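Remarks on the structure that follows.
Order of writing sets the chain letters: A, B, C and D. Residues in each chain are counted from 1.
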Amino acid sequence: MADLKQLKEDLVTANRILANQNVLDAFGHVSIRHPDNPQHFLMSRARAPNCVELDDIMEFTLEGKVVGPELGKPYSERFIHCAILEARPDIMSVVHNHSPNVVPFSVLKNQCFCAVMHMAAPIGRDVPNWDIRDKFGDATNLLVTDMETGRDLAKALGSRTVALMRGHGCVVVGRSLREAVFSSIYTEMNAQILYKALVMGEVTDLSDGEIAASTKGRAGFTWERGWENWCRSVNRTYYSQAWDMGPGFSRSDK
Amino acid sequence: MADLKQLKEDLVTANRILANQNVLDAFGHVSIRHPDNPQHFLMSRARAPNCVELDDIMEFTLEGKVVGPELGKPYSERFIHCAILEARPDIMSVVHNHSPNVVPFSVLKNQCFCAVMHMAAPIGRDVPNWDIRDKFGDATNLLVTDMETGRDLAKALGSRTVALMRGHGCVVVGRSLREAVFSSIYTEMNAQILYKALVMGEVTDLSDGEIAASTKGRAGFTWERGWENWCRSVNRTYYSQAWDMGPGFSRSDK
Amino acid sequence: MADLKQLKEDLVTANRILANQNVLDAFGHVSIRHPDNPQHFLMSRARAPNCVELDDIMEFTLEGKVVGPELGKPYSERFIHCAILEARPDIMSVVHNHSPNVVPFSVLKNQCFCAVMHMAAPIGRDVPNWDIRDKFGDATNLLVTDMETGRDLAKALGSRTVALMRGHGCVVVGRSLREAVFSSIYTEMNAQILYKALVMGEVTDLSDGEIAASTKGRAGFTWERGWENWCRSVNRTYYSQAWDMGPGFSRSDK
Amino acid sequence: MADLKQLKEDLVTANRILANQNVLDAFGHVSIRHPDNPQHFLMSRARAPNCVELDDIMEFTLEGKVVGPELGKPYSERFIHCAILEARPDIMSVVHNHSPNVVPFSVLKNQCFCAVMHMAAPIGRDVPNWDIRDKFGDATNLLVTDMETGRDLAKALGSRTVALMRGHGCVVVGRSLREAVFSSIYTEMNAQILYKALVMGEVTDLSDGEIAASTKGRAGFTWERGWENWCRSVNRTYYSQAWDMGPGFSRSDK
């Protein structure tokens, strides 16, 4: 149970970090799979990420039903998290955001978003741009508010890290909460860099081999370095998850 | 009377939020229709939005005359608010700003501002760009300082949410103060996104059906989520207007 | 003497404001003509604007000689201020900066900087881009470190408000310190707006008549509104110079 | 020994400044050659620059071996510093960063980064863009994690101040820590300015003569003015290194 409380604290921290880094504004959300029950996940009630507190964290089934006390209105788009966590047992955490440099790519007729910077390698080269119009017509409110729509988005995402959502934002997934936060921040950074490069000229993106090597070689201490830094920016207590980075750390840790 | 004091506090908060979000700088203003007298409205004396205090809020007629004590010089452009509140009984609040990503669209010969992101759907597809030159010649100071000019702007706005003002800024209206603040912030965000997309390639904007669905489906809790978030950014006490978003909220609230 | 101390405090405030508004970074400077001796002016010793204190303010002749105690090394580019204050008896204050959105215009072969937004009207339509190469060759360090170079720059400026300096920055002048600060901030804002508009399409600039009307019609209370706002941003005490903007203000004040 | 402690404090300050100026984010690093042993250098353990403390500073050989107590995991890319300090006895300090406006230039097929603003003159005109693919193939993780790769990068840098690293970032060197910090900040600023100019039109860069004059003429007090300013931004105590800039400074100091 102590672990669960720490996980909820981490989820609060993740909300604050993503708001502070301008990946989330008053909207968007981040979830984490329940550590003891992979069919459940944790997420805040419907509240702006920068306002989320420990007592806002609720538990949900993968169909979006509230488990236990209903602490407030749930996010209407929780089905994004349900459907992706259902489709991707390898994934522990999902972020949905309106990342301001990513959204412009989502409204381009010839979408061209791809990883150009090594920190963002896990984005890959064939980022899908899911358009709700394709299956649900051109008179929706663009929101993913049921399982059918969520599953269609999850299908577009496939086994990737990021899927854009036309005129809306994107989803970013991670094998841990820290990885999902990290990838969200560097997806936004990659978008800012790619945008500037594209308007100046022809661009060299990362090769498949570079993407594979960068993604495979990345270990817990990479997420950890970012996490410590961002905790400081939002005045949240940092604790080391993967290892002790300071005096006395164990060399066998990865 | 307690309500009126709360409304004035909200108006102060709105000024601070819009300054903090870079929608207003040292100039621009926000008004709210008087709750007991639709022929009057409330607005600060001529002061930078981030400096506005409760004691700066004055009452005006729809012709721009001060009602009650004249606490200071009124904004010379109060006629923007007069004329729009006169023409639009459905509207409770008006923002006039020099939104930095919106102004560039106002000086384009082929203006192309439209909603590309769902949060900004109420902007619509045919945003007018009111040019003071068309009726008042090319030797004005561009300011709207009388009813005739204000009414011409209100006519250009028509039944829409936003009208650009060439070389100047824009007006944004709302059915509530919170909606006007919300729409002002997402008009700026939409401009930033559309700008980046346009310089990269051909853009997909929101369809009429998407705009209608997004606008119609939006309820009080959407404005509320933004408002709580932005109150925190400017250290203003948040109180829930439409409902209680926390423990014990009533499901029948909208 | 009390006035002189207040003027020096204002000069400190101006330095802090321009740093806070990103018009000055660690470099650049702002001067004010001595109120009792138009052949002298006041400016900080060579120090980053955000660090300037009351005890850093020195007095100079229009040839750049220190008058009274030499409190520290003078700015090597003080000759910009000397030459412009010499050539322009109508001007009380000069700002030299590396305004980040203005510098890009200074390195364009077809420079096209002009006022597109009413707040920036005094910039005008034919902003010169002074290139030190034209008279002093292409092996200078680009700095204006003597009267000859300063006078050449002042000549390029002529009777205008702003002159760009190729690969360097710009100079902005005002009939008062507050006006010079105000015009510096809106020159930067105008540059940001014009840049975005130019990369999207063809641009409508302000007409000569609009520039004349906007410039002529602007009175002390306009500078005052900005000054109060910016003082708050840098935690400097605001006092009203031109009039009392609050309760009891005199209508006859301008 | 007192000097060494001060140098380590300076190194902490440099880390904080570069993070605060958005030159370093959670990654990147800055080194300084050991004052008593040019074959050794000082650098933090692997930690985000904004979190670096005095007790994180470790000593390394030019082959990247830890000297003395291993206070934590070293940066895996310390070989960038090793190889450049080995190849460049004239250099005392190296910064490796992912400077957000510089990276776009590193992914352009026709790289065109050069100095356009006098503050950034030491960048020069023929900035190399080192591509790890050229010698190490297109399936690396882009990181410089051994001496061979580091030496190849150092060779590309040659006698210059800056080398870009494709899809990764850049290296910036200085004859002192303050100069390396200064040049890093103005490399980022130059990139931002050049980017905006390039998308507007044809650009005038600095001439060889201007670069030589600007670089040669720059003395300690230039770095000092920036350093005092940036110390204040990160709440680090400033002390004057090259001279006393205030009352009583010695004119013979440079």
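The rule we apply is simple: a residue touches a chain if its C-beta (ideal position, glycine included) is under 8 Å from a C-beta of that chain, and two chains touch if they have at least 3 such contacts.
In this text the structure is predicted, and so the values were computed from the model without any measurement.
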item: Self-contact between copies subunit B and subunit C, residue sets same or different by half; value: different
item: Length of the line joining the C-alpha centres of subunit A and subunit B, rounded to whole Å; value: 32
item: Subunit D: positions in contact with at least two other chains; value: 199
item: Overall pattern in which the protein chains touch one another (line/ring/star/complete/other); value: ring
item: Interchain pairs in contact, sorted by label; value: A-B, A-D, B-C, C-D
item: Subunit D contact footprint on subunit A (complex, rising order); value: 116-119, 121, 189, 192-194, 196-197, 199-207, 209-210, 212-214, 217, 221, 225-226, 228-230, 232-233, 245-247, 249
item: For the subunit B and subunit C complex, residues of the former touching the latter; value: 25-27, 45-48, 50-51, 71-73, 98, 100-101, 103-105, 107-110, 112, 133, 137-143, 166-168, 195, 198-199
